[in-house]
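Okay, so chain A shows up in both of these, paired with chain B first and chain C after.
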Partner chain A sequence: MIMKKIIWLVVLVVVIVAGAMLYRGGNVSTDNVADDTIKAADASPVSDAAAIKRGAYVAVAADCVACHNAPGSSEAFAGGYGLKTPFGVITSTNITPDRETGIGNWTERDFFRAVRHGKSPHGLLYPAMPYNAYVKLSDQDMHDLWAYMRTVKPVSKTNAPDQLGFPYNIRLMMAGWNMLFFDNSPFKSSEDQSADWNRGAYLVDGAGHCASCHTPKNGLGGDITSEYLQGYTLQGWFAPEIAGNPHVGLGNWSNQDIAGYLKTGSNTKAVASGPMAEAVENSTQHMTDADLAAIATYLKSVKGSNDAAPQPLAETDAQMSHGKQLYEVNCSACHNVQGQGLEGMVTAFAGNPAIQSHGHGSLIQTVLKGGRAAITDSNPTGAGMPSFAWKLSDADIADVLTYVRNSWGNAAGPINADEVKSSRQSLDVRQPMAVPN
Partner chain B sequence: MANVRPKADVVIVGLGWAGSLMAEELTRAGLNVVALERGVWQDTATDFPPAVDTDELRWDARRGNLLPPSVTAVTFRNTSDEKALPTRDWSCFEFGWNTGGAGMHWAGMAWRFTPFDFTPYSTAVKRYGKKQFVDGLIVQDWGITYDELEPFYDRFERIAGVSGTAGNIKGQIQPKGNPFEGPRSRDYPLKALERTLLTDLFDQGASSLGYHPFAIPAGHTSAAYVNPLGVHMGPCTYCGYCLYYGCGNWSKASPNACVLPVVMKRDNFTLITQATVQRANLAEDGKTATGVTYIDEKGTQWEQPADIVVFSAFQMQNVRLLLLSKIGKPYNHATGEGVVGRGYCFQTVSGADLHFENENLNQFIGAGALGSQIDDFNGDNYDHTGLGFIGGAGLLVVQRGARPIGDGDHLPPGTPRWGSQWKAAWQHAFQNATFIFGQGTSYSHKDVYLDLDPEYKDSWGQPLIRMTFDYNENDRRSAQYLEDKAVGIGKAMGAKVVIGTNSAKAKFTPYDFASDHTIGGAVMGEDPKTSVLNKYQQVWDCPNVFVSGASSFPNNAGYNPTATIGALTLWTAKAIIEQYMKSPGPLVQAS
Partner chain C sequence: MDRRKALTSIAQLSALGVAASTNAAILNHKSQRPPGSPDSGLPAPISKGGYVYFSAGEAKEVGAIFDRLIPADELGMSASDAGCVVYTDRQLAGPFGKAASVYRLGPIKDGTPQQGPQMKQTPAKRYRVGLVGLDTYCRQQFGGKPFSALNEDQQVDILTKMEAGKLSFAGTDGQEFFALLLQNVQEGYLSDPIYGGNKDMVGWKMIGFPGARYDYRPYVMKKGQPLNLEPVSLFNGAS
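Moving on to the complex of A and B:
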């Protein structure tokens, strides 16, 4: 009897706590500051040019077009980009103010709820839409963003269905996800930090949604907050640590290194390619120098991982000596004889934290498929890394990467040919050319 | 016509150096530009990566980057009483193809012409009198001087990232440079490329004869570089894959590397590839172009209306487009009247083959413009009194990279054509065979010209361009003179075997690969009776048509044409922006 009561008590407590959490996760009261009468496509014009301009900047900082634009499409914000998640493909939606296919019939409040709380008039959003970051956006920025989005050219384009298997296709499940992983709280400035730092934190955690790629996730896609910004693999790319570890993070980057990288797409230490090149091209290069400096200030303050540099592999190691040969023949013309790279064009290897990270999906992927440096207003070059899939075997690629990770002061674990083999398969990249005996 | 594109301010036909530089200038000035390119899009990162670029069979032996004769051939004959036949195989015509045009596959020698080359008529008459010209020779001034063009040469060198040693800065002769060059406003943006054993041997040999050797100005970056458009270039690695190749290291200057990344980002620039322009269309007045007609990759015909038409295709194609468009009066060989097709000429080449006894030339370390030259016998740098010709040649050695396939027949005379002795000789030659190249001036003649072939047509039914050409007496005399000089230098270099070469000794044939620098046919000048274009490369008879390229050269200099094409394009672009746009019409009044 007592036992039964205790069980019921426990159940009651769980229900109350869960209910409270569910309420907290689903609480959208902060969005009530937004108007709920005028719809996006309504005739009432948005006349505040300054607000529209500020809103355009928020859209750039939040990199909305990165997802809400089909690759190669000139129809901005019309959606159609398939984001490959571990749970299936989620296709971005049309957020132009078109009444039938876009958000033309949404009110500002609908928009606020979708952006900040993942609750659209059509149901709960998947957290592929980073509302768990955008929840930090201020009311002012949201008002401005809404003003801007209403001025976007409406495009009639029906949303493509997601490709998610059971049970992930049940959107209501996201209520549970929100309960577990959604920190539904607005940005709070830290009074003991500078205005610069606070602006940086606001941008990194809010519009910039850096954690979406750079913070490790658990099995359900929730942030592992104890490893905040310490690097994560998404879509086959490893987004390296952008916290303070000197070996694999930004510990050895100056503030100027960080701001310059975000502005131009490169610095003396690294060149952005892959998804980060897109982020630089679409978003960070257009941010003000003050905002980029603020981001640098904040990132430099974030505590890094504990990954310590291991002993580098010996030069006599079989992988190392073979890798050295391969490096001289295939890599040194551009990456230079000491792995220095070439500023603005070719990434450096020596001292590059991303090269030494435990996650090396980006390295294997880049050698297999090639890559392209960010193309920015300040550096339109767009230098490229060719694909070596046709030329180098799985073992060759493993060896040359192992060499690069353990030379010129670098130190990191070896890369195994089997990893390259499985990447070659999952990326559907060709086999090397057969060499006749 | 059913298919009409939105009107552009400017339509550019051909996207090599001329078209790309024109597009950059005009879009930066805010004009809405549409460029039509017959080939496909090619960019540095995607199409020329170092991992696949070093393929002699594909790019050199099989000419993978050149306009295939199957797309457009040239018909050729030596004299007007012969029947011209099409060049059905690869020949000395190395026309540009795809974005970047010939600027993508060029070797990289980035020369300025001498001041004399722009005023050959007035200078030679003043110095020697008209008797110096052989019978029928066409010599005329360009209407522009070196000094006028100098700032644009300078701009081109900055955009291309040219490496060299100045010889004359504002009249002050500089050590180690070319003392004969025209005064330049400042030094090259980059120091000259590294020296090699071959250039040392040449420099010593030439110096011992009292000549003035210097490093060839190279469109290869000797160090990391950022050009004025903001494009980064990587230092040359001396891989030796330049001529016929794209450069994936951003080291060889090309429109693809240096200009197009910037232009392609601009909203007021549109590029349509695989667009074969057939002609410019004229308004009823016959003096105003309304745009161009082109055929897209599906074979559909389109009209691209524009206020300004720029022909910036390869030289031969510029002349052909003018003829097909009925712009300007075609040259009539019988009467000597007319201008389009007149003033055509090639390049007179002589030199020497050299075989050393036991050197290690290591020419596999190379670059298309890694070399030394003397200009002691170029242009009018020496006294021609009593020589019976004008002009001359730059005499050079170039370490452009080893070509295991291409150099298989570059062996001393008497070597067997196969077998173990051939192998041994070929191995020996790999380190010991080289050449002195005398890249000569050339002047047109009344008997050589371009016109439309009456019989042979391309796949669209349009007549091919017909070339009627042979060397003239001026060419033959200058070539012999320069051959002797080259042999002298070869001997002074210590070569065991020195064999003079002279392409003008025999009748011209397009299958002699001495030079691919075909020029003229739509020349600029001072008089509409003897030129198609005024000094701004604007058609006298059709002021909203501009033609840019080597087709504008009334005579060839003893150099490669690229930098002059670039400079003239920048000069013309400035005239369009600053003069024509303010007051459309002829920029020069015919006197």
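Moving on to the complex of A and C:
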């Protein structure tokens, strides 16, 4: 009898705690500062040019257009971009103020709730929309963003359905996800840090949503907060550590290295390509120098992973000696004799943390498919790398990458030919050319 | 040119300009990425299998001529062992054999030496006709034997006379045919192995050419020193 009472008591406590967490995860009271009467497509009662301009800047910093724009489409914010998550394809939506197909019938409060809490009038959003970062956006930035979004040209474009398998297609499940992984709290500035640092933290964790790619995720796509900004593989690309580890992170980058990279797409150590090139092109290059300096200040303060540099492989290693010959023949013309690259055009290998990271996806993918450097207003060249899939075998690619990861002071684990083989399959890249002997 | 014609041609030129510019594209952040390597931009290795253009008999005679021009010796294997006959066969079956890049419509006149080759026949046709001429000549002169059955001295004598312009055949200028044979055997011996010749990069090893490398900066300063660079083909798997 007493036992039964205890069990009931435990159940009661669990239900209350879960309810409290659910409430906390779903609590949207901070959005009540927003107006709930005027809809996006209604005639604008006030047109505050300064607010619209500030809002455009918030949209750039948050890189909304990265996802809410179909590739190659000129209809900005009309959605249609398929985000390939481990759970299926989630297609971005039309966020232009079109009444039928966009957010024209949303109020400012609807907008606040969607952006900061993942709760749209149509149901819970998937965290592919980084509301877990945007929850940090200030009321002021949100008001401005709303003012700007109302000025966007309405586009009539019906949203494509997501392609998610059971059980991920149940949107209500996100309530549970929010309970477990959504830190529903606004940005809190740190009193003992500079204004510069706080601005950087606000941009990195809020609009910039850097953690969306750069922080490792658990099996349900929640951030592993103990490994904050320490690198993660998404869509076959490894977003390297941007915390303080000197070997695989930004420990050896100066503040100017970081700010310059975000402004121009490159520095003496690395050139942005792949998804980061898009982030630089759409977002960071348009941010003010002061904001980029603030981001650098903040990132330099983030404690990095403990990954120590291993011993480099010996030059006599079979992969290394084969890789050396392949490097000289295929890579050195652009990446240079000592792996130093060409500043502003071709990424350096020597001392480049991304090259020595434990995630190899970006390296293998770039050799197989080729790549292109970020194209920015300050550096519009956009040097291209050809695909080597036709020329190099799986073993060749593994060997040359192993060589690059263990030369000129670099040190990292070898890459296996099987890994290249499976990448070649999953990326649907051609096999090497067959040449009759 | 009257006014109407001038206007028409300006309009045509403008139209050409527009047509050309539709193919060009401005590279910006909206450009498709990565640029990759379109298959149309890759080298085209030869097809597998037997001869495409030559008959077996023609191939045998061409092999005999080629091996007299580049015999097996201490410097390397013979031309036919290096794949030069296969190389030439594929070239004759392709655009080279069809003289695809050469103007061949009339008027047909004898050109001056400075004007280069002035032939109506395609290279493929020149081989076909030239080999018949050579074969007929050899069989008449040497008791029904083809060129390939002659001894070394007899073969050298014939080729020397052709080269000197002292021996021609019906429909074929001997000197010009010799020049074509010599050009093709050299190409086969020294071109990239993906085109069928230069087996094991024998030609490149012979002359010390390091092959299709992108970059020689580490070696630029090593004047007069042996570099001992292993040659490389356009395609790693070729040899």
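In this section, the second predicted complex is superposed on the first by the 435 of 437 C-alpha atoms of A that agree within 3 Å, B and C clash if a C-alpha of one lies under 4 Å from a C-alpha of the other, contacts with A are read in each partner's own complex, and residues count from 1 in each chain.
Heads up, the rule we're going with is that contacts are C-beta pairs under 8 Å (C-beta built on N, C-alpha and C of every residue); 3 or more make two chains touch, one makes a residue touch a chain.
Just so you know, these numbers come straight off a predicted model, no measurement behind them.
A.B. asks: Examine A:Glu281 and indicate which partner it touches, taking first as chain B and second as chain C; both and neither are also allowed.
C.D. replies: A:Glu281 sits against chain C, while chain B stays out of touch.
A.B. asks: Identify the partner contact of A:Gly222: answer first if only chain B is touched, second if only chain C is, both if each is, neither if none is.
C.D. replies: neither
A.B. asks: More residues of chain A are touched by which partner: chain B or chain C?
C.D. replies: After superposing on chain A, more of chain A is contacted by C.
A.B. asks: Mind working out whether A:Gly82 is in touch with chain B, chain C, both or neither, as first, second, both or neither?
C.D. replies: A:Gly82 contacts neither chain B nor chain C.
A.B. asks: Pick one for A:Ser378: touches chain B only (first), chain C only (second), both, or neither.
C.D. replies: So A:Ser378 only meets chain B here.
A.B. asks: Thinking of the overlay built on chain A, is A:Gly72 touched by chain B (first), by chain C (second), by both, or by neither?
C.D. replies: second
A.B. asks: Using the touch definition from the top, say if A:Pro386 reaches chain B (first), chain C (second), both or neither.
C.D. replies: Both chain B and chain C are touched by A:Pro386.
A.B. asks: In the overlaid three-chain picture, which partner chain does A:Leu342 touch, first (chain B) or second (chain C), both, or neither?
C.D. replies: So A:Leu342 only meets chain B here.
A.B. asks: Can A:Asp396 be said to touch chain B (first), chain C (second), both, or neither?
C.D. replies: After superposing on A, A:Asp396 lies in contact with chain C but is clear of chain B.
A.B. asks: Overlap the chain B and chain C contact sets on chain A and report the shared residues.
C.D. replies: Chain A residues touching both partners: 330, 333-334, 370, 372, 375, 380, 382, 384-388, 391.
A.B. asks: Hey, which residues of chain A end up touching chain C in the complex?
C.D. replies: Residue positions touching the partner: 72, 273, 277-278, 281-282, 325-326, 328-330, 332-334, 337, 366, 369-372, 374-376, 380, 382, 384-393, 396, 430, 432-437.
A.B. asks: Inside the complex, what are the residues of chain C that reach chain A?
C.D. replies: 27-37, 39, 42, 45-48, 193-194, 196, 212-215, 217-218, 230, 232, 235-239
A.B. asks: Contact residues on chain B for chain A in the complex?
C.D. replies: Its residues touching chain A are 43-46, 49-52, 224, 226, 229-232, 234-235, 237, 239, 248-250, 261-262, 265.
A.B. asks: Name, in rising order, each residue of chain A that touches chain B in their complex.
C.D. replies: Checking each residue of chain A against chain B gives 330, 333-334, 342-346, 370, 372, 375, 377-388, 391.
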